[in-house]
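Labels run A, B, C and D following the written order; every chain starts at residue 1.
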Amino acid sequence: MSVLAVEGLRKRFGALAATDGVSLTVAPGEVHALIGPNGAGKTTLIAQIAGALTPDAGAIRLMGRDVTRAPAHARARAGLARTFQISATFLDMTARENAALAAQAFARRPLNPFGVVARDRALNAAAEAALAQVGLAGRGDMRARALSHGERRALELAMALAGRPRLLLLDEPMAGVGRSETHRLTETLQALRGTVAMLLVEHDMGAVFALADRVSVLVAGRVIATGAPEAIRADPAVRAAYLGEDG
Amino acid sequence: MSLTLLAVQALNGLQLGLLLFLIAAGLTLVFGVMDFINLAHGAQYMTGAYLAVFFYGHTGHFGAALALALLAALALGLVLEALVWRRLYDRPHLDQVLATFGVILILTEGARALFGPSPLSLPRPEILSGAVPLMAGLNYPVWRLAIIAAGLAAALGLWLMVARTRLGMQVRAGADDAAMIGALGVDVARLFRAVFGLGAMLAGFAGVMAAPVLAVEPDMGDGVLILAFVVIVIGGVGSIRGAFIAALMVGLVDTLGRSLSTDVARLFLSPAAANDAGPAVASMLVYVLMAAVLFARPQGLFPARAG
Amino acid sequence: MTAMKSLALAAGLCAATAAQAETLDIGMLLTLSGPPAALGQHIRNGFELALAEKGGKLGGFDVNLIVVDDELKPDVAVGKAKALVERDGADIVVGTVFSNVMMAVFKPVIEAGVVLVSPNAGPAPLAGKGCHPHYFNTAWQNDSNHEVLGQHATNQGYKRIILIAPNYQAGKDAMAGVKRYFNGEVVDEIFTQLGQLDFSAELARIAAAKPDAVYAFMPGGMGVNLVRQYDQAGVGLPFLSAFTVDETTLPATKDAALGLYGGTQWTRDLDNPINAAFVKGYEAAYGAAPSLYASQGYDTALILDAALTAAGGAEADALSAALKAVAIPTTRGDFRFGANNFPVQDYYLAQAVKEGDAYVMRKVATIFEDHADAYAAACKM
Amino acid sequence: MRAAAVLLALAAAPPVLEGLDAGFWVVTLSRALIFAIAAMALQFVLGRGGLVCFGFAAFMGIGAYAVGVAYANGVEDALVAFPLAMLAAGGFAALTGLAALRTRGVHFIMITLAFGQMAYFAVTALSAYGGDDGMTLWTRSTLGGFGWIEGRWPLYYACLGAAAATWALLRALGASRFGRVIDGARQNPGRMAALGFDVRRAQLAAYALSGALGGLAGALLANHAEYVSPAYMSWHRSGELIVMVVLGGAASLGGAGFGALVVVALEEVLAGWTQHWRIAMGLIVLAVALFARDGLAGTLTGALARLRR
């Protein structure tokens, strides 16, 4: 049973069909990459799957359960975690507090009014583990605002992992990140392969082909091809859509 | 409740609506373009009325008083913009609320210190001081028709400016994304000054038009300020069209509510209870309307800011 | 401008108290801001005029007058009343203008063991079962002036009338007062919001109902607007009122008020020496025609002067006994308190007229003689 | 540590003031403490939660009227009236919060203003309880039949106790997991939802709690003034409360309380000097808004820090 099943998803903004009948699945432990030119509707698709946008038609199933209309926080609790294209961390909080907050969502009593969260050993331990996983081990006390762009992308990933999700939605994690940090992020994702299913939206072809078990190509809101990385690389329709060659 | 009385109340509602539009137009422009919450807008309406009374006292001629009052309102608006507002554009809304709350206190108490606490009055210009028989035993003052005309003229003028002129284009673009048009080479500071000057003049103009009908006293700005905010929120912040339609809605709902509520309450309650419930419900109607609109369309009816 | 004049007068006042007599602190709690501020200002002017004429002394005591503005806000007034009696140690409190403020400050002042003398507000509860030996009213019980118009409407043979008043205690008292003496039909009772300034909706309702006459109670700025809009709308029906058409609103309403009626216990043409001197003195000091409120402020000072002289001090029980026994000539003629410490006096119908360029109220007829208020019987003192 | 010093100073105020023959200031300080409770409750949702409520005076008014209505129906015991006041105000906050929390930004400000005005006009229609004129409370609330706050000092210490308890409660809540969720919801509600937090439910709980504390302040205000009036709920009061919080420093709980003390004391002092005290008040408020970026508390602590360095 696939971790994520999207069937006939449709979303229009006035005349623009941002998502025009998209169907795709992500098997347990699989890394399914989603590529396509700018404006193909990748972020809109991710937003619908994560619950930030409500589709006009179609269905989204998470671990077999229909979440098409479920609010974002319900999907997160059902095991779906995501990162944002424009990184969305809590700038006034330290890196450890950010990760601890992510872990808190899945702790026994997330809104517990008693106790001092700053000295909550369980949450801080989970936070440190998540930070270590993305190579931010020593940066726990830095305010998110003071981190470099690459480190903030890593922090976002740590926050997504802190809740031990079943499905990871990655919206261009490598965007704007330098060579060395891209390499480290790819290694981190490489280590996660098989433990958590991932839907990876990314432009960096190097990372895509290094990580993806399967690749789908989205053009103008429609999936024009799905298959193994090598097959997609050779597919003439994909080359035409990407490189603009005729025929 | 005969049909003619309903027509008369609708006319009263229209007049209140258009007066509210004059005030709300300036507020929605300033708020829409500059994302600036100006609580002192009601005080500028009050200042316009006092300026007219002051200049009428010296010139004895309504037309001259009106012109001088508008110029003085513009000047005061620009001075306020230079001294205070300019420092607040990039500050959070809360700081703007605090600063403009301070300005309300200064302008209101200043008027009380200069002109005394008692209400003053501004006589209507001779030619417009008559009354038109509207129904048996009720004449409709020509001056209220002048307010309606002034409201419509201002609406038309503003619509033309916003839709047809370069400044209007910049205003609409500014309402959507002021930073962007700054990047495109528009002197945003000059645009803000122009918008703010226009807003101050509109508020002053509304004050001058209202002075002959209502009493001119230091606290006249408060009640109007709240209604103006209700109007711009219903209409959609930054939208002139929204402010116009919402102002008419609020004017009609408030006036018809005030005249019908006690009769309607009498259908369900005893006369004594109706006398209590009627006026209370009438005053609440406008806020119920706004809460309903915000609940259904949180961005207002005609949001200027896309998305 | 009026503020400057009263300051000059006060300055003159201090210079007059040469001998070092014992000082008496009198707290004066009035509405001096907002639309009805003129009422408080007139009462203050009247009181200070009498004080100045008596060389700053009442009953032989030097008077330290502490004037406080209650802003027509009952909750603000409570705090200020407490400050007057507890912090400033006021021996006597003179106030308030409005009934809703009076109901709020009554407890703090009375419980501080201080005599409370109202130069204006006379709400029904304090005339009836809520009366108190230390509470006196030198003006009238709220309903009385309205009863004058109810009696006048009956005398005129009107069959259907409409009442309009603000939605607060004095507004309800006004309507009760008119209905007590009017034997025709009250077609509609319109309650407006306190401080409302635009009456277009209400005037349309009145015109549609076509009554024989309209009765209005709209003090201060509200009255100015109603009278002006009533005239602009050309309703043309007889306009009866109390506390709406008087020398505080005539300067703003001018011609719009001519011919309109008011019920009052004082007019400028009451034929007695004290009144003639008062009118001349007031106009000389303030350059404006005095109103019934000014006369009430003036009379309050005269009454306190007589009572303090008799009692020899401001101790509550002694002063109250002296006040109860007061029988002196005032601007409205011979003055005495009834059993419930409210005045028993004559009431007149007055009409707005223009004399030269001044707009004043003239007496048209005497409606009641030695009239006590309707709640005196319920007062067990 | 600083909090203990402040508490000690406030506790010593009555004997010191009485000694300086300024006993009436105890009454003013009691009123300041009551508004400090409301300001701190407002700071929790406005400063920490980012929810600019422009109808907070309604919660105080409902709390005051709960005490007034209970009193009119013979219930004078604070053990009944005060919880009733907090329940009524908290309930109103929860109910209106359900609708208000669907909106964001200036629309949230306006819809809370709308609910505040509705409560205000509803109360003016209650002619059974004095309507527009309000209602006098002839005796203050008792505690198990005993007149515990009849005198000036007992009422002061009751207000001080309530203010200290409110401060402690909100400070603890702020440091708890619940507090961090409210904080996060202010910074980025979308991110919080993506992490799995039901943001609206958490904000509604915070909003209802602050409403209940507003009700407590209202109950104390009714006893302080021994009078209840719709004027407690006017939008001007809601505006003044926001000014207190922002003037004091919206970012800090203590700052908001300090802002309330400053505004109430300032009003008292300035009103003593000139009839037109509002001009001076307006200038002070404007100066703080323009120059003291993070309020009096922020600026003071900044200055102190620089001094110590």
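Note that contacts are C-beta pairs under 8 Å (C-beta built on N, C-alpha and C of every residue); 3 or more make two chains touch, one makes a residue touch a chain.
Computed from a predicted model, the values in this text were never measured in an experiment.
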item: Of A-D and B-D, whichever chain pair has more C-beta contact pairs; value: B-D
item: Relative to subunit B, chain with the most remote C-alpha centre; value: A
item: Centroid distance [mean C-alpha coordinates] between subunit C and subunit A, Å; value: 76
item: Separation of mean Cα positions, subunit D and subunit A [Å, integer]; value: 43
item: Between subunit B and subunit D, centroid-to-centroid distance (C-alpha), Å; value: 31
item: Euclidean distance of C-alpha centroids - subunit B vs subunit C, Å; value: 36
item: Residues of subunit A engaged with two or more neighbouring chains; value: none
item: Subunit B: positions in contact with at least two other chains; value: 112, 276, 279, 283
item: Sequence positions of subunit D contacting 2 or more other chains; value: 124, 131
item: Pairwise touch network: line, ring, star, complete, or other; value: other
item: Touching chain combinations (by label order); value: A-D, B-C, B-D, C-D
item: Subunit C residues touching subunit D - in the complex, by the definition given at the top; value: 3, 32, 69, 73-76, 78-79, 82-83, 86-87, 99-100, 103-104, 106-108, 167-169, 194
item: Residue ranges of subunit D touching subunit A (in the complex, touch as defined); value: 172-173, 175-181, 183-184, 187-188, 190-199, 202, 205
item: Residue ranges of subunit A touching subunit D (in the complex, touch as defined); value: 50-52, 71-73, 76-77, 81-82, 84, 88-93, 97, 101-102, 104-107, 109-118, 120, 123, 159, 163
item: Footprint of subunit C on subunit D - complex, ascending; value: 23-24, 27, 31, 124, 130-134, 136, 138, 225-227, 229, 231-232, 275
item: For the subunit D and subunit B complex, residues of the former touching the latter; value: 46, 52, 99, 102-107, 109-111, 113-115, 117-118, 121-122, 124-127, 131, 235-236, 239, 242-243, 246-247, 250, 276-279, 281-290, 293
